[in-house]
Amino acid sequence: MQRIAIYPGSFDPVTNGHIDILKRALDIFEQVVIAVAENIHKAGLFTAEERIGLLREVVAGDDRVEIDLFSGLLVEYARRRGACTIIRGLRAVADFEYEFQLALMNRQLYSALDTVFLMTDQSHLYVSSSLVKEVARFGGDVSTFVPPPVERALRDRFK
Amino acid sequence: MQRIAIYPGSFDPVTNGHIDILKRALDIFEQVVIAVAENIHKAGLFTAEERIGLLREVVAGDDRVEIDLFSGLLVEYARRRGACTIIRGLRAVADFEYEFQLALMNRQLYSALDTVFLMTDQSHLYVSSSLVKEVARFGGDVSTFVPPPVERALRDRFK
Amino acid sequence: MQRIAIYPGSFDPVTNGHIDILKRALDIFEQVVIAVAENIHKAGLFTAEERIGLLREVVAGDDRVEIDLFSGLLVEYARRRGACTIIRGLRAVADFEYEFQLALMNRQLYSALDTVFLMTDQSHLYVSSSLVKEVARFGGDVSTFVPPPVERALRDRFK
Amino acid sequence: MQRIAIYPGSFDPVTNGHIDILKRALDIFEQVVIAVAENIHKAGLFTAEERIGLLREVVAGDDRVEIDLFSGLLVEYARRRGACTIIRGLRAVADFEYEFQLALMNRQLYSALDTVFLMTDQSHLYVSSSLVKEVARFGGDVSTFVPPPVERALRDRFK
Amino acid sequence: MQRIAIYPGSFDPVTNGHIDILKRALDIFEQVVIAVAENIHKAGLFTAEERIGLLREVVAGDDRVEIDLFSGLLVEYARRRGACTIIRGLRAVADFEYEFQLALMNRQLYSALDTVFLMTDQSHLYVSSSLVKEVARFGGDVSTFVPPPVERALRDRFK
Amino acid sequence: MQRIAIYPGSFDPVTNGHIDILKRALDIFEQVVIAVAENIHKAGLFTAEERIGLLREVVAGDDRVEIDLFSGLLVEYARRRGACTIIRGLRAVADFEYEFQLALMNRQLYSALDTVFLMTDQSHLYVSSSLVKEVARFGGDVSTFVPPPVERALRDRFK
């Protein structure tokens, strides 16, 4: 029986959609490690440390959740952590195609590693970190898309 | 922590793709109930009893797996069984769209019920019960697509 | 300036998703004709007369809406009515592909006829007449998917 | 070097889209066998003999084209004919998904058999046999979608 | 009854596909505002002023069309203009997914704002500003994809 | 009868998926020209010369294959070479949409030029140059995704 699952992503920043997927994952797994990826290809809006800080504020006090930084290959990180499950949220067909390709590649690199796809609540279907940043950049109200600490951080960043 | 998941379908007949998804589900859940749907809309190639018989032969001896018949709404069946997770295998975009719609509907009907999508091994990506039946009908070799008891049953049915 | 648009479909039965699209169409067009198609290929759950009756109950009193029966080619019906716009609701990629093909065909048959795609509210994304019938058939609660007269009709039909 | 390719389908009836794909195939292959499938699951509008008769009228005089009837598995037919290439036309994403699954299955059943996908001219993107029959059934003008002999046959059938 | 619709985009540069969508929109709405977005993320081939200049040349003399520059959130621009409809052209599935997500987000930010999807003529299905720029960059003939003033501007830019 | 086909791409670097498509193309065409595109928009991991060098090592000794550099429009290159067929490999829906658009554009620019889509073996479905580079960058084992010379080159580049 698997006890631990890894939920990887950029979380730049964490949205209500991410939190929704996390809650669904915690109905299935005893422990979920949120693995925050260092972006090596592009600069994020928030640094990895800031993204981790926001996640900690948002899921504070739930000891079934661990927040960690990872760099390098996700499969190597999973192997090191002894995890056999990757959690991914699905929203759309474009998501699905890429996720499918990635999951097959990861399985090839580490055959014991499987990917579990969960579906976000329909109220979050259109919420992505990049759209949220776009709205916040121009002073739009993002309070229904992100938790309060993230809303404050976005307001600070773009003021 | 969820201990039980339901893997619903027609299984007319069970293929190696279904078995692959079942094994992946058993890495995550302590018990999986294969819930064989009575087809009310169309006659299957095998009756519900035959489909259950083939499943029993194929997964014999694994007491983490239960095989059951269900009719009516899947959400009601899940409620009765105390299960909060539905297992579905994904192969293609067309699958995904329909599954997505169904999962949202089921969640609306029974909010505690969530759907977990697993991905079949790439060697089974093209294997579906209906394609297998099409091949077997014309005497094609289906031994790489279905377990031996199913191969025998298909040969008997179409001879 | 176009004053009239046609919203064609089977409406077997009308759902809250249809009503949502209708309301959005009425923000754009002065009059919308709900054109109920006679199903020649397959028997519906409700007859064309019953489907029209339910629609009348649901949109009663809004004189910007006309409910009509049509058979034959939609483009001929539109030509007879002097309408140059077809309204279609979009939910998913599978919808989109088929609708796209149909709209190009219709435009070829009647070049003045254009198709306008509207998007249903996200709370109706998974609601289709066929899923609703499936749920009602087994005694499931469909009150959040269809207007009250339709809910009663479904209960009568399946009791 | 492959000299012969098989272009399978129902051709119920042949459309300008099919003819367009055939012409493109003849730019690549020395001989193309149009393999008309007997529909065992559903009755067509035209019998297999009628469908073959229409094809003969339409491609008359081109001795690079052979028209043949096949039943059973396409891979067995291809093996018997010594053909290693299947021709398929692509129009849309829904086509693509199904064709992809079928091509992988066929390759598994007969590893030397490969599928070549060609793209119809954009003027035929929306033309399918079933839409054409729908239009003709109600007396619509199908002269831009099908060759003249097919137009006459459709008019006869539906008068 | 809505009188005004907004057709937003980069228009870098305007293509015949854009013009085709504009004409279809003018069959439905009394006035269409072409809202040219300032690209803040990436430099365009043409500046916002040049893109507006080309649009003015191309739609000169049609006083139902207004061309405007906008920056910031589209929903805020629509609110300021008193417009309740966004016009978007659809070509492909990849378009559709993204447009769908965007439209749901915009509706959340400004609930009175709806998105109307129109379908370009099939002769423009493959025409996009970026492909046109790619072709023009290497001296290819783009005269069937863009209006004459745009063709001249592209030739000047890349000579 | 076409004797020559062009297989264009970045090949940065060539993968087993590319080699698989090449072999399938050689079953149909007498000669295949691998046309390596100079990337003008973004720097590749390998220069065009290095990418060509790796291709030469991998397909050495097969005189049905020519490896060439091209810049500018693919259609102009095809015209110069007297080739009427473009070879493209298909993996996923996202691929398909873009390829479809590109093929229609190319056909418009050079009407004698047709695109033939081939499907990679299912064992390569998830292999792309960019995923391979991602894995190699972090020291992952790419030996099942690329030929040995490419594996060595990737190890050198990222050490």
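Letters are used for the chains, namely A, B, C, D, E and F, taken in the order the chains are written, and counting of residues starts over at 1 for each.
Everything that follows uses one rule, which is that contacts are C-beta pairs under 8 Å (C-beta built on N, C-alpha and C of every residue); 3 or more make two chains touch, one makes a residue touch a chain.
All figures in this text were calculated on a predicted structure; none of them were measured in a lab.
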| request: Check every other chain and keep only those touching both chain C and chain D; list them. | output: B, E
| task | Have a look at A-E, D-F or C-D and name the one that copies the A-B interface, over half of its contact pairs being the same. | result | D-F
| More contacts between chains, B-F or B-C | B-C
| query | Would the interface of chain E with chain F count as same or different, where same needs over half of all numbers used to appear in both copies? | reply | different
| query | Distance-wise, how many Å sit between the C-alpha centres of chain A and chain F, to the nearest whole number? | reply | 34
| said: Using mean CA coordinates as chain centres, what's the gap between chain D and chain E in Å? | reply: 39
| How big is the gap, in whole Å, between where the Cα atoms of chain C centre and where those of chain E centre? | 30
| How many angstrom lie between the CA centroids of chain A and chain D, rounded to a whole number? | 47
| task | Please set out, as single numbers or ranges, the residues of chain D touching at least two other chains. | result | 93-94, 97, 100, 104, 122, 125-126
| If you go through all the chains, which pairs of them touch? | A-B, A-C, A-E, A-F, B-C, B-D, B-F, C-D, C-E, D-E, D-F, E-F
| remark: Seen from chain C, its contact residues with chain B in the complex are 91-94, 125-128, 131, 135, 138-141, 144
| remark: As the complex stands, chain A meets chain B at residues 1-2, 24, 27-30, 84-85, 90, 93, 96-97, 100, 103-104, 107, 114-119, 121-122
| request: Could you please specify the touching residues of chain F with respect to chain E in the complex? | output: 72-73, 75-76, 93-94, 97-98, 100-102, 104-105, 108-109
| field | In the complex, chain D residues that touch chain E | value | 93, 122-123, 125-126
